[in-house]
Every structure is written in C-alpha cells, then in structure tokens.
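Here is the structure we will look at, set down as structure tokens.
Letters A, B, C and D name the chains as they come in the text, with residue numbers starting at 1 for each one.
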Amino acid sequence: MNQAQIVDFDHDADADPAGLTFTFGGAAPVASLRPGSLLRTWTHDCFVGRVRQESDLASQVCDPRQLNPQTGPFYIEGAEPGDTLAVHFVSIEPRYAWGVSSTVPLFGALTATPTTALLHPALAERTWRYELDLAARLVHYSARDTHYTAELPLDPMHGTVGVAPALGEVRSSLAPGDWGGNMDTPEMRAGTTCYLGVNVEGAMFSFGDGHARQGEGETCGVAVETAMDSVVIVDLIKAVATPWPKLESDDFIMTTGSTKPLEDAFRISQQQLIYWVSELTGLSTLDSYQLVAQAVLSPVANVVDVVYTMVAKFPKHLLHGVAPMGGVHERLRRQAAAYLEGVR
Amino acid sequence: MNQAQIVDFDHDADADPAGLTFTFGGAAPVASLRPGSLLRTWTHDCFVGRVRQESDLASQVCDPRQLNPQTGPFYIEGAEPGDTLAVHFVSIEPRYAWGVSSTVPLFGALTATPTTALLHPALAERTWRYELDLAARLVHYSARDTHYTAELPLDPMHGTVGVAPALGEVRSSLAPGDWGGNMDTPEMRAGTTCYLGVNVEGAMFSFGDGHARQGEGETCGVAVETAMDSVVIVDLIKAVATPWPKLESDDFIMTTGSTKPLEDAFRISQQQLIYWVSELTGLSTLDSYQLVAQAVLSPVANVVDVVYTMVAKFPKHLLHGVAPMGGVHERLRRQAAAYLEGVR
Amino acid sequence: MNQAQIVDFDHDADADPAGLTFTFGGAAPVASLRPGSLLRTWTHDCFVGRVRQESDLASQVCDPRQLNPQTGPFYIEGAEPGDTLAVHFVSIEPRYAWGVSSTVPLFGALTATPTTALLHPALAERTWRYELDLAARLVHYSARDTHYTAELPLDPMHGTVGVAPALGEVRSSLAPGDWGGNMDTPEMRAGTTCYLGVNVEGAMFSFGDGHARQGEGETCGVAVETAMDSVVIVDLIKAVATPWPKLESDDFIMTTGSTKPLEDAFRISQQQLIYWVSELTGLSTLDSYQLVAQAVLSPVANVVDVVYTMVAKFPKHLLHGVAPMGGVHERLRRQAAAYLEGVR
Amino acid sequence: MNQAQIVDFDHDADADPAGLTFTFGGAAPVASLRPGSLLRTWTHDCFVGRVRQESDLASQVCDPRQLNPQTGPFYIEGAEPGDTLAVHFVSIEPRYAWGVSSTVPLFGALTATPTTALLHPALAERTWRYELDLAARLVHYSARDTHYTAELPLDPMHGTVGVAPALGEVRSSLAPGDWGGNMDTPEMRAGTTCYLGVNVEGAMFSFGDGHARQGEGETCGVAVETAMDSVVIVDLIKAVATPWPKLESDDFIMTTGSTKPLEDAFRISQQQLIYWVSELTGLSTLDSYQLVAQAVLSPVANVVDVVYTMVAKFPKHLLHGVAPMGGVHERLRRQAAAYLEGVR
C-alpha cells in the first residue's frame, strides 16, 4: 500500500464569514487533492461560532445567509461525472470542549415552518450550552428551566458532506439531496466511508456542520453543534455511478434518500439498498426486495431540513464476504489505522 | 406479590376462518380477564395458515376479508375509557418451525397501491418459505431465482396489538392507529410492555399477526409470518390516559405515531415522547424537546399498512430512576420471570 | 317514466343527540327505500344546532363524540356488494336563515392538529354567525374584530354523503374514504348525482353536514354550517362497482380520492377518472391519461378532515354523447325536474 | 401615462441549445430592461423544438440537461432584494400551429419516479401531436390507439416564470419554488400579472415553457407544449416583499405555494392569501382565515415537477375596491390594452 499524500488545510478562523462557502456547487475550489489523499482540516460550527452561550440567540447574532459553512470545496483530480467519490472519516473530534443547541423560530420538526405554513406564532427561541468531557466521551445536558442534568454519549459526526449537484444547480448547505449536503445522519461518524456520485469535473467536495451528537431526526432542528477537527481520506472510484449517497461501516452498508414526504425518502433509500444488494449478491430484484424487507434497519436521519433524509442499513455479514465498491472501505480503514497508529 | 390468575385460551384451529375476529371493535369478547391475569394462548398467522409453501399465492388461497385474524377480543374487568391497559409480553414463540413471506399485488412500500394510485400493473406475486431453527434462533432465507441463502436472527414479535377504537369506530385489523392495531413494529417482542389507552368499557383487547422477524418498515408488506404461542400479562392502570400506544422495555421508553404522511407519524411519536419525558422528569416542554432531540432513536415500524407507524425511543437511564406508569413494567417483568422460572 | 315513490322522513328535532347516527356503518336503518324513491328529509347541522351565536364555542357546548350527525342510514332494497348507489340531489335548502362557522382548537388546515402534532398551543377559538338571504341567495359575512362585511353567493351542499364501509368497518362521520363520508366538496350541490359503491346488503346510505357554502379546502375546518331541507332521489345500478365515489353534473363527470398525503388523494382521483374516461370512450389507458392530463380540472375538496379529499372533473362534451352509468343522471334530472315542477 | 419603452428580444432559433439558459440564477443577463418596459420576444418549447411528431421520443432526441429553456434572464434596472417584480402578460400566442405532449419514462403524477422510487419498470413512452386552430382557438387531440378525437379550448400560458433564487442558489428550470420557476399553473395566461420577490440585484427575470393548454395538475407531466410569441410588461414595485409568487387577474388575486407534500403547498398558498387579504382589508388574521375559508378556490397547478404547486384564488370584488400592489395590475392592463389597440 502506498503512503497516502497528507494535506493540511487550515482556515483563518477570524476571517469574514461572508467569505466562507455556504453552498454545494458555485464556489471556486480552495485546494486540489489527489485521490487517496489524507486531509487534515477543521470545520466551523453551523453558527460560524457566533452562538456560544445561553444569551446568544441565533436569530440575533447570525446572518441567515451564513449558516452551515463548508470546509471546501476541494477539487478532486481526475473526478468526472459518472465516477464515485469515497470519503472515509478517519477521525472527527470536537475542536473545543463545548457545544450549543437551540430552538430557532419557525424551524424544527414540531413547529410551523415556512413550508408547513400555519398561523401559529413561533415557539420561544432558546439556546442550550453543552459542556463536553472529551476524555470521558460525554456530552453534559443542563435544563434551562429546572436543575435537571443528563450525560449523553459523545458521538461526533458531520451533518453536511457533499459534492456539486447536477444540472448546473447550486444548492444551499442547508439542503440535502442526491449530491449529499445537509443529510444530518448520526451514521456519518469516524470509521465510516461515504460514497457520493460525481456530477461535475473535480467533484467539488466539501463538508462541515459537526455535531458532538444528534438524535435520529434532529427533532428540534439543531444538534449539539461544534467546530470539529477532522481527518478524512478522499478516494475516487472510476466509472461507478452512485445516484444517491451511500455509506459503509465495518458492519453495515447503508443507503440514503432525501426528499419529502418522508415516505418517499424511505422509498428512495430502500429501493437503492435493494438494487445494491442485488448487485453485490446476484439476487434478482424480487429476491433482494424480500431479503432487505426482513433484514433492514431504517433509522430517520433528519425531519427538519429543506427536505428530509432516511437511511436504510443492511448487515454486511449477509453479503457472504463480497466487498462493496471493490473493497475500498476496508482499504481506507487500514490506511486510517496506519495513520492513527503513527500519530498516537 | 399475589399469584397471578393464569388463563388458557385455545382456538379451534380448524374452525371456519369466517368466524375469527378481523377487526378492533365490533366483536363480542371471547373471554373476560381480571387485571393482572397471565394469558396463555396462540395466534394464527396473517394468512390464517393458508399460505404454507412457495406454490401458495395469497391472492389465490386467501379471502381478502380474512387477513390478520386476532386472538380476542378479551374483556378486561374494570377497564373504562380514560384508563390505560398494560400488556406485557412474557414470551412469543413460533408455533411451527416455518414461516412465510410474499409479495402481494398492489401492496407494499415499493409498489403502486390502491392509495398511491398509479397506472403500473402489479409487481409479480411470489411466496418465500422460511425454515426456522428454534434452537439456534435462526431464520433461514432462500432466494427463489438463485441459490443464495442467508441466516437471520430469530426475533419473534406481534404485528397487531390493540383495543377497540374511540368514537364507536370499528377498524380492520390491517390498520394501525391510536388504538394500536397493525403497528408492525419489531419492538413488540418478549420482555416489552405495551400501553394502550382504553376507549370502551372492557377495553376489548386482542392481538395477532406474529412475525418470526421483520425489517424496520416491513418494506415488501409481509414479514416472516408465523402462528405464535404467546404468553402475556394484562394489567390495568386506572385513570391514566394514553392517547397513542407506548412501549417500555428494560432499556427504553417508546412512543408510537400512526398516520400518513410519514413525517406526521414521526411528529406524533416525538411529541408524545417529549410530553412523556416532561411528565417523568419535571422538565419544561422546551427543555424536554431539547433533550429528546439529542437522545432519541427513531426507527420506522411500517410504511406499508393503511397508515404508517413510527417509533421514538428514549434511554431509561436518562430518567434517573423514575419509573414510568408507576413501575408497572418492572413489576410485570418480575411476575413474568417468576412464571418462566416455574415452567422451566 | 314511472312516478317515483315519495318518502318523507322527519326527525324529532328535540331528541337526545346521543340517539343520532354519527357513523357510517354500525347503525340500524331508520327506514327502507325502494330504488327510485324520492326522499324528502332534513339534516342537522354539524354541531347538532348547539352553536348558534358568537358566544357559543363548540368546545364548550358540543360533545366531541356528537359531531356531524347523519340522517339515516337508509336501507336500500336490493342493494348488494358490487352494486352502485346513485344519489341525485334534487334540492338542498338551508332550513333556517342563518349559519355558523368557527375555529376549533387543534382542527383545521393552518394549525397544529392531533396528527400534525406540534408543540404550539391551539389558535384562538371563535365563532362567526352568518345571516343568509335566501331570496337574494347571499351569505353575509361579518368580521369579529373590525366592521368589515362581505356578501358571498349562497351555494348549498352536503359535506357528508356515504354508505357503510367494507371489511366490517364502522367509521366516524368525521372521516371521508372510499365509502364517501365527510368528503366536504362544494360539488355536492343540487343538480348533481353522487355514485357510491355498495359494500353491504342494503347499502346503508346516510348524509348530513349541510353547508350554505364552502371554500375549496374548507381551510379553517368549518364551512357555513346549516341544517338543511333536502330532497334526494336514491337509485340503484346493479352489478356496477364504484371503488371510489364519483359525481356527475350536467357538465362534468367527477371522481374523488380521499387519503393522505394530498398528492395521493390527487392520484386516486386522477387514476379513477382516467379509467372512467377509458371505459366511456374506448380510449386506451395511455390515450386517456393524455386526454385527461390536458382537460382535467382539479379542485381541492378538504384538507382538514381525518384524511383529505381531491376532486377531478372532466367535461362531458368530450365524451361525444356517451352517457355515464347508462344515463342515470339524465333520467334522475328529468325526474327531479318533474317533481320540482309539481311542487312549484 | 408615459409611453412604455418597447424592447424586442429575438433568439437565434438554430443556435446550439447548450447555449440556452436552463436555470434560474447562475446565468449572465441577455439584456437589461427599464421598469415599465414592454418586452416582445418568444420562447422555445420545453423540448427545444426536438419533439415534433409521434415518432420523436423525448428520451431519444432530447438531452436531459436541456429541457425547459428560458428566455432571459433579463436584468431589471433598479431591482434590489426586498422589491417585487410585476410581470404582466399582454399576449401569449403559439408560434406554430402545432404542439406536442408525451409520456416521459419515470416522470408524471401516476408513475413511479426517481423520488417516488418503486420497483416498477417505466410506463410506455409515447408522443402525441396536437394541431392548433389558432383562429377557432382550438386544440385538436387525436388518440394514438383508436380513432378518438376531441377539441379542447386553446388557453395559452407559460409554465415557467421566475427570478434568481435567494441564498446564492441556482435552480434548474424544471423546479418551482419561492422564486417562481416551473409552477405550471394554467392561471399564467394573458391578462394576468405575476408578482415575484426580488432576491438579487437586477432580479434576473426569465420565462418559458409555453403550453397551448394544460389540465390542472399536468397529470402526465407534459402539457400541450409549444413555442410562444409573448409580449410582457415588466415593472418594479420598490420595497414590497413577496415571499411566494402571487398572481392577479381582473377578477382574482392569487397566491402560490410550491413544495411537497401537496398539503404543504396548499398550506403555503392559503396562508399567504390570508395574510394578503388581511393586509388589503384590515381584517385580523382570524377574520381573514374565516373569510378566505369560505370564499377561496383552490386549484392544483402541478403534481409532477421537482416539487408540487398549489394556487389559492380570492374574488377581488370582496376587497371592496382596494387595489392590490398599489393598482399596478390595472395600470399595466391599460398599458397593455393601449399597446394591443396600436398593433391591431
């Protein structure tokens, strides 16, 4: 195995947020990466660091056009439409020992929104600050109205991972879709590989929106938001199309679907999983439909963003050893282990 | 602890299926149970045993008015509207060492249906037979078109659990709703307590539709269907309303929502969980919204029935020892353990 | 043409509302009708007359189990499953010169509801009283908070028209579905024939929920509610199945679909119209799909009830003279005209 | 009244389609217009003229990245975010005496699609050619499989009308949204004014996708598609925000909402209408909710595009003479009449 090229990409943390990237597509690349490169970088939190304590309300301190800043886009050398980008998360670690969450007026799953347009006034806006115990791997919740506290497992992940969309579109980093984007699934954690279909030359990969942890559905619209120090390996699978983002962990292959209503997001993710299992096992479509129907896990990712995201998970041991995507996950996993061994 | 009354209820397995119960509400009780009774009985499979091998097609051998037969209804002594019925599953065991699944014309998540009405002809109808290894706790899948096989964990559950609906309604056992019914969640396994709001005097509890296992979503519309030998304890919680069915296991409290579109089923389950956590912890609604948003698991139950069902799960350790429903789950768990000890 | 049997059916207006019919299915017939009978009767308003002025709030003066009382059910002689009931509305006239509307807590299209379950408190409850000018055919609107008034055209209709459901179900008169029920379409006006598939012997036809007028969608959940004096002719079309309710006016054939999400209600209504046009014209399904796509009108009926209802309308002149349902609408129209001529 | 500036904008009809505009946002302006300008131009049909006869199948002769070409974008002088663009359709006339429609694989309301992802193969692809009688104002339908013909009223309209989106987004001309775009409502006919909120400097207005007529819902996904000769007046209303596109005809004010599920598009359109009626009449929100609920017409626009579009219509006579948007529609109507008088 070749030694991967290691690329360090830093931001000017104090730069004008207006200069950051808030879209998938439409932005010039910040750097160019050779396939197989290991990228060490960090991502701003979704509020560009402006919400830090209980007295900071996003609607007052944030510009609504400057949410979910992306690190990137990175131009991937040799990537062309019809290829698949493999992004392996080597490590995702909170950059600071705190995170924030909030209710945001007219945003969230259990409130009127601009698209579930009702006549109610907005729910109260409020910010919660979480202290993170990075050694004990805990996230400390403190209630605002009572003295209740709770300790939740630290489980860092990225809400947004994506490439430039097709059809010349440029999409806000608040939206998920077939280009990835703001899928907000807790499955996007270290040790996982994300597969994204390439729509434009160079793919234009970016990511951000780190969460110290997140419930399935991101019900109130905001997870435990943190800046993240992340290490990813970016690789390229030529001439393999990936219509909707897929993930692979050591134990599961996973498909995603992002649309509304939520049953259509479910349908996309399940149909894509059925086709993938067929392809990997040689099962006919009906036989794969049957097997997936009995074996699948179907967690919600988000029910709050521009459209909603569902995940479908299939246990890899049922594939009888067939390696998805030509074994790229296992290869990147070993590469990541070698890197982590070296830095320990 | 008092010794529970043990009630054995048997069917005439060869009786005319037309005499079975296919609704929630509208049927005369088959027996009366005192709260706290332990009921030993069995349930037909969803096809009333008529689909047994690959050559049996449900559309040919079944009467569409005779699907999902219920064991019951049982009249629960003292149950009145505004009470909650607690149904603890002591054991759920496949009655035979086989199960069946199938595609059913114009039924399932990835096909046109009578309500997602399109112009496509139905997908091909086909039956899969599963051999069950009850000792090894395995379900054997065999493909129809190739020689692929797979072994899935046995995980027996009941698709339908419910009471008579409100407003004088009588609902088909194919439909889920606030009365329970055909929720089709794999969480309805042995060791779990299901809470159901009582709508009519006597509650009129029934259950059925056993599955040797089921994927989340029951994507093709049919799980691994089996007749079940089941033992349940039925208890009554007076003057506690339960607007939507809830579940409790040793590790989680769970809420359900059943409606369409699927995001509305998600909203019901999450709202109910937020209110329940508030009630158990004293958290304000907004604080509970925040805590649930970071801690919840949100698996799909079914996306195939008359309406769809979502589940929301919250770890009980975050409740700091508060026992939901006055500790009935723990009490019934002990009662079940004593019973199982006795029969071993 | 035979002289139709004329049947007068009166209620005891002061009877205990608990004795009225609030379901489709599950109630004993109030009378038996021969096919072709002309029925003269009246219907309570949806609040059973308890909301009469601005100070009457439905949540205070009504029993939630006693809304949308039905006149009926009527047993139709000879009706069997697989037949179609034709209900022709000869006249629909407000029984009194006033109507009421209201906002109802957690009910309506632009509010959180029990199934679009959010964390908002209910919108304010309020009642509006409308004076009706039956001579000028006007409905007088008066604002509550300002002095604004407006005159809207009187356009009387019935919100609920239906038969007993299939599968032994009993459904609340608040729900629409394939049995008809609470479809709440303004197309259900005098001069129109409604076709309903028969699910049980005798069909068990009932109707109610009169509206002096209604916007498309019934956005706030409540129309201008009035008791109605109505005359209908009930006829029977043997051995013609009607899977979803259809309507026919002098100018249009119409189909309905009732489900959620609303696009699925649209799909049902359009699919049923395409099949009906095919059947009437001999067009292939694809040719009918094409013609309907260019010619159809697609008004919303309701987006507030248990499920939502869409209507699809096709101009009859495009049928080149083919008479739907063997010409029953035209025959009943003549019968109605003769009757109205006689009573003038 | 000043004489409007008249601007003629022509295309090179034989130019490479790749050079046309297929997005809202992201394209350089083709011309700059002063507010009040009368623009005479034409628009390609949605297939860029490549589907002309029954043997032309869109999937074979079209590039999927080159559908719905726009005429524009036009830079409107002085337009800034927070303003409203008024686009008055003076005339819309088919450029040729024929139109085409088709079924497109996996596109349309009654078929599986990439987002209502099922396991069905696509419905058959087929093209229908319509002859247009521009003098008699008729559209001639001919069945493909039988000899059935029908004459439908000519009712020319534009499917796409829009400006550049907010948040730096670039959207395909196949998508509708709050920027307008592919709303596909038959209300977009001559004599109507469309109001669009300005998101970027210069607004970047474009339009296209002419239909000789269209049913409500555009059920098969394709209307009677034609190139159009169109005359529009483009005016600017400073410092008036328009969150979602609105329309005004001589008789109705109209609002639109575009999203999924369809009930949410309904909610947006109805909420926007309620707010607009409040603003024009001084009615409180609840009083406006009540009045709109009784008076509104709610036709479907499309249930086939990237998201779906609903329209809500309110009779202008109920506004008691208040002129929306400061009377711009009436002013442009007079300006249009003067122009049409001049060219007659």
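Criterion: a residue touches a chain if its C-beta (ideal position, glycine included) is under 8 Å from a C-beta of that chain, and two chains touch if they have at least 3 such contacts.
These numbers come from a predicted model, not from an experiment.
The interface of A-C is repeated, with over half of its contact pairs matching by residue number, by B-D among A-D, C-D or B-D.
For the interfaces A-B and B-C, the C-beta contact count is higher for A-B. Here the CA centre of chain A is 33 Å from the CA centre of chain B. Separating the CA-averaged centres of chain B and chain D is a span of 49 Å.
Between the CA-based centres of chain B and chain C the separation comes to 36 Å, rounded to the whole angstrom. For chain B, residues touching at least two other chains, in rising order: 110, 116-119, 123, 260-261, 267, 270-271, 274, 286, 289. The touching residues of chain C, when paired with chain D in their complex, are 101, 103, 109-110, 123-124, 126, 128, 139, 141, 143-146, 148, 150, 152, 213-224, 260-263, 266-267, 270-271, 274, 281-284, 286-287, 289-300, 303, 308, 310, 318, 320.
Remark: chain C residues 22-23, 25-26, 65, 114-119, 166-172, 174, 243, 257, 259-261, 264, 267-268, 270-272, 274, 285-286, 289, 307 touch chain B in the complex. If you check the complex, the residues on chain C that touch chain A are 110-112, 116-120, 123, 261.
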